[in-house]
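Shared between the two complexes below is subunit A, which has subunit B as its partner in the first and subunit C in the second.
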Partner chain A sequence: MLSIYLAYLKTSIAVMFQYRASMLIWMIWRVIEPIIYLVVWTAVAKSRGGEVGGYTPGTFAAYYIVLMIVQQYTFTWIMHEYEWRVRSGTLSAVLLKPIHPIHSDIADNIGYKVLMTVIIFPAALFIGLLFAPVFTFHADLFILFLLAVVLSYVMRFFIEWALALVAFWTTRNEAFNQVYFLLGLFLTGRIAPLGLLPDWLREVGDALPFQWMLAFPVELLLGRLTNGEIAHGLTMQVLWLVFSFGLHRIVWWRGVRKYSAVGA
Partner chain B sequence: MRIGILNELAYRMNFLVQLLQSGMSLLTALVGFLVVFSHTETLGDWRPNDILALLGVYLIVGGLVGLLIRPSMSRLMEDVREGTLDYTLTKPEDAQFLVSIAQVRIWKLTDFVLGSIVLGYALFNRGLDVGFDETIAFAVTLTCGGAIVYSFFLILSTLSFWFIRIDNILVIFDAMYQAGRWPIGLYPYWLKFVLTFIVPIAFAITVPAEGLIGRLDAQTLGLDIGVATLMIAVSRLFWRYGLRNYSGASA
Partner chain C sequence: MTMPAIQVSQLSKTYVVPEREAGLSAAFKSLIHRKTREVKAVDQISFTVDEGEIVGFLGPNGAGKTTSLKMLSGLLYPTSGEAHVLGHIPSKRHRDFLSDITLVMGQRNQLVWDIPVIDSLERNRAVYRVPRSDYQSTIDELTELLDLGELLQKPVRNLSLGERMKCEIAAALLHRPSVLFLDEPTIGLDVTMQRRIREFISAYNREHGAAVLLTSHYMADVEALCDRVIVIHHGRVLFDGPLTDLVARFSPHKTIQIELDTESADLSEYGDVVEQEGARYKISVDKAVTPEVTGRLLADLPVIDLTVEDPPIENVIEQVFSSENAES
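Now for the complex of A and B:
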């Protein structure tokens, strides 16, 4: 299994290296977005005399820099990928391979993350120099943070992989993807730290896994959570992980049957 | 032009997809707006209705760019790559004119319509204080903004005579464009510079919005007109220079 992964990883890095300019350009999206919201919230904090919801311009900067890095390492593009695979008809080829397709998807994702490491940290440093983040480093929190990021990554991967398979049932699942991304934008903490969201939105978020993907690891590292909240968060991550692992098994099994029934 | 529209009408499904996308991006913007203004009364020195008006202009301009400018420019890059530009060049009309109207994406009108509604609502809330001066200022700055964005796209597309694969560069414009949903003045100095003179988002969105709500000063207006004139001239010259260097696919 390991050798299969190594082979997958090598091909995917080689392929991505061919498209390095495009990948760099797509990166801009994920760097610009946190800068925009950082700028807006900095302006809000200033107009309120330097602080809003427990955040100052300095801690907002730290928040958005860490958020950008966590987002970079945990995001997947798998839902777009499946939409494209179904529309272009390449899904059948994927299904014909003797190995379960999730393995090559995982390898692609890891390969991309490895490559992008050389860009995201300079980008974070650059933003750091411009916005003067206020941040104290705690070694014990950092270890818990790494754990939370890994859990977030695995959980997110299975959730989005399972949802990507909605493509088996409809040929145009843009609508579905759009709703998912919109919810994600608000409920992961990208548009604002969750504490600044109105109550009704936070209640929606409590029923969904989004806050455990980004907001939780970020706030953990910044030292904004109590021990009880950290324990609760890690538990929720594990629960969502177990749930999404089960979900992806069920959806995959039913989806493949459905797809062959159509007669591909 | 007519053919472009008819082509698009044939794909009605795209309309639903576009409507969904426009609706989602409007919803995103509105919820973001509500969240921000639940914590403050002003942003910089912009009041909520000013920001809402800015959002309207953002959608209107984005719609117009997606409707008129972008499709033709993407088409131009593709034509250069595939060699089909030669057909256009043999026609007796001015080539720049022909490539600039080659394609429209009619469904982008949804952004335009949604933007007009948002803008109308914002102006209504402000007590409809748009007088003659503001209307003129808006018309002038919007025209200049359009001219600047058009020239910007033309220059990028002309680059494809030398670099075949640069269509991805338009993605940079999209990424930067979202920064225009908020007043450019909020951004730190270096970013303000980038969003004004490198990717002309400020001239496309913030300045027209300022014109409409009467916060535009004469200096900015002068700069806007100057930059627009310059950009039109430079892009035209660059296009002709590029064309002279272009040997065509068959040569």
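Now for the complex of A and C:
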């Protein structure tokens, strides 16, 4: 299995080098997006006498820098790919291979992240110089943070992989994807830290996995959570991980049956 | 002898397709009540293919050939009936099964578009768990048989159609499958390339004793490769047997070609004169009377040269399909 992953990684990195320009453009967007929110929230905090919802311009900066890094390491683009795979018939080739297709997707995802590591940290440093984040480092929190990021990544991967398979039932899942991303924009803590959201929206968020993907690891590292909240968050991550793992198994099995029934 | 490589019995596939009339009102109606229609793509076909056999799978477009190949390679669930390939049920897509077959269909299956061919091959090597030592010898063999040479270092998108097909086939055979499903392996290629691929399939079959089931619209492929053909039409098997039997059964005529010393002979009493070119004549005669007509021609006329031929295989196939149409 390891040698298969190595071969996958080699090809996916080779393919990415072929698309240097578009990779760079996506990357720029990933850096600019948090800067936009950061600029807005810094202005809001200043106009409110230097603080909003417990965040100062300095802690906002720390929040968005960490968020950018966590987002970078946990995001997937698989939901945009499956419709094309099903429609173009490339899925047939994948189904003929004696290996589950999720492995090449995982390898692609890891390959991209390895490659982008060389960009994301200088970018974080650059934003740090511009916005002067206020940040205290706690070694014990950092270890828990790493655990939370890994759990977030795996959980997010299975959820989004399972949702990508909606493409088996509809050939127009871009609309469905938009709903997912819009919810995510608010409920992962991207557009604003969750503490700033109205109560009703946070209640909606509690029933969904989004906050455990980004907001939780970020707030954990920044020392904004109590021990009880950390334990609760890690538990929720594990529960969502178990759920999404089961979900991807069921959806894949039924999806392939469907695909094979109507014509590949 | 062990069981056959491919065993198919009463295999059927019915598609349910939405049916909708043109126009906006019909589009609205279909929102509420979807009309569907069943299409029998494959209708209770049965056959077996032994190890080492090359069988041609013939039929017009839409006859059910590709659907059958997809069922046999595990991409489609059959609606009813059974298929066994190398002892496996294809639709279960067991890893051992997938590791021992290949399906070549179109030109976009095996290779990663943006990287050199050799990198795609290396990727397949890992996926199929081919040991390094076997890998190198297989690459050498494929390179020689298919004349891949410097193609291996080129990115796939820079290859011509024929070059891509050769590389596609190489990638599909890297794991040395025992059963090959080839759907139009020579389509769109020039005559030289077609011959090359044909020779390759034949050599692979000889050397590895693989069972090959192939479809092709080029009769030259079929004549060169297949001792046996299965003709399907409207999802049903019309004929299964040696190519020569197909001709014997479905072509009631033979063509007699004669050369006389005169250009003005009237041969209509012997049979249908289908062609005359100077002193060369072609007459189509009923198969049963061919010996007798030949005898009379030789006795009655100053014959310089005479040959008796079967009609071209294309015409025979056409005949098979049209006779089926007449029946149904």
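Rule of thumb we're sticking to: the second predicted complex is superposed on the first by the 264 of 264 C-alpha atoms of A that agree within 3 Å, B and C clash if a C-alpha of one lies under 4 Å from a C-alpha of the other, contacts with A are read in each partner's own complex, and residues count from 1 in each chain.
The definition used in the following text is that a contact is a pair of C-beta atoms (placed from the backbone, for glycine too) under 8 Å apart; a residue touches a chain by one contact, two chains touch by 3 or more.
A quick note: this is a predicted structure, and the numbers were derived from the prediction, not measured.
K.L.:
Identify whether subunit B and subunit C fit side by side or clash on subunit A in the overlaid structures.
P.N.:
On the superposed model, which is not a single observed complex, subunit B and subunit C fit side by side.
K.L.:
So, does A:L146 touch the first partner subunit B, the second partner subunit C, both, or neither?
P.N.:
neither
K.L.:
In the superposed model, does subunit B or subunit C contact more residues of subunit A?
P.N.:
Here the partner covering more residues of subunit A is B.
K.L.:
Contacts for A:E174 in the overlay, against subunit B (first) and subunit C (second): which applies, first, second, both or neither?
P.N.:
So A:E174 only meets subunit B here.
K.L.:
How many degrees apart are subunit B and subunit C as seen from subunit A, counting from C-alpha centres and rounding to the nearest 10?
P.N.:
About 90 degrees, rounded to the nearest 10.
K.L.:
Given the touch rule stated above, what does A:V44 touch, subunit B (first), subunit C (second), both, or neither?
P.N.:
Only subunit B is touched by A:V44; subunit C is not.
K.L.:
So, does A:T11 touch the first partner subunit B, the second partner subunit C, both, or neither?
P.N.:
second
K.L.:
First (subunit B), second (subunit C), both or neither: which does A:V114 touch?
P.N.:
Once the two structures are laid over each other on A, A:V114 reaches no partner at all.
K.L.:
Quick one: is A:L95 in contact with subunit B, with subunit C, with both, or with neither? Answer first, second, both or neither.
P.N.:
It touches subunit C, and subunit B stays clear.
K.L.:
Rounded to the nearest angstrom, what is the minimum C-alpha distance from subunit B to subunit C in the superposition?
P.N.:
Between subunit B and subunit C, the shortest C-alpha distance works out to 11 Å.
K.L.:
Which residues of subunit A touch subunit C in the complex?
P.N.:
Those in contact with subunit C are residues 3-4, 6-8, 10-11, 14-15, 18-19, 89-90, 92-93, 95-99, 257, 260-264.
K.L.:
Where on subunit C is subunit A touching in the complex?
P.N.:
15-16, 67, 70, 73-77, 91, 93, 95-96, 98-99, 102-103, 105, 108-110, 112, 114-115, 119-120, 122-123, 125-129, 155
K.L.:
Using the touch rule from the top, collect the residues of subunit A that touch subunit B in their complex.
P.N.:
Against subunit B, the touching part of subunit A is residues 21-22, 25-26, 28-29, 32-33, 35-36, 39-41, 43-44, 47-48, 52-53, 130-131, 172, 174-175, 178-179, 182, 185-186, 191-192, 196-198, 201.
K.L.:
How about subunit B: which of its residues touch subunit A in the complex?
P.N.:
Contact set of subunit B toward subunit A: 13, 17, 20-21, 24, 27-28, 31-32, 34-36, 38-44, 165, 168-169, 171-172, 175-176, 178-179, 181-182, 186-188, 190-191.
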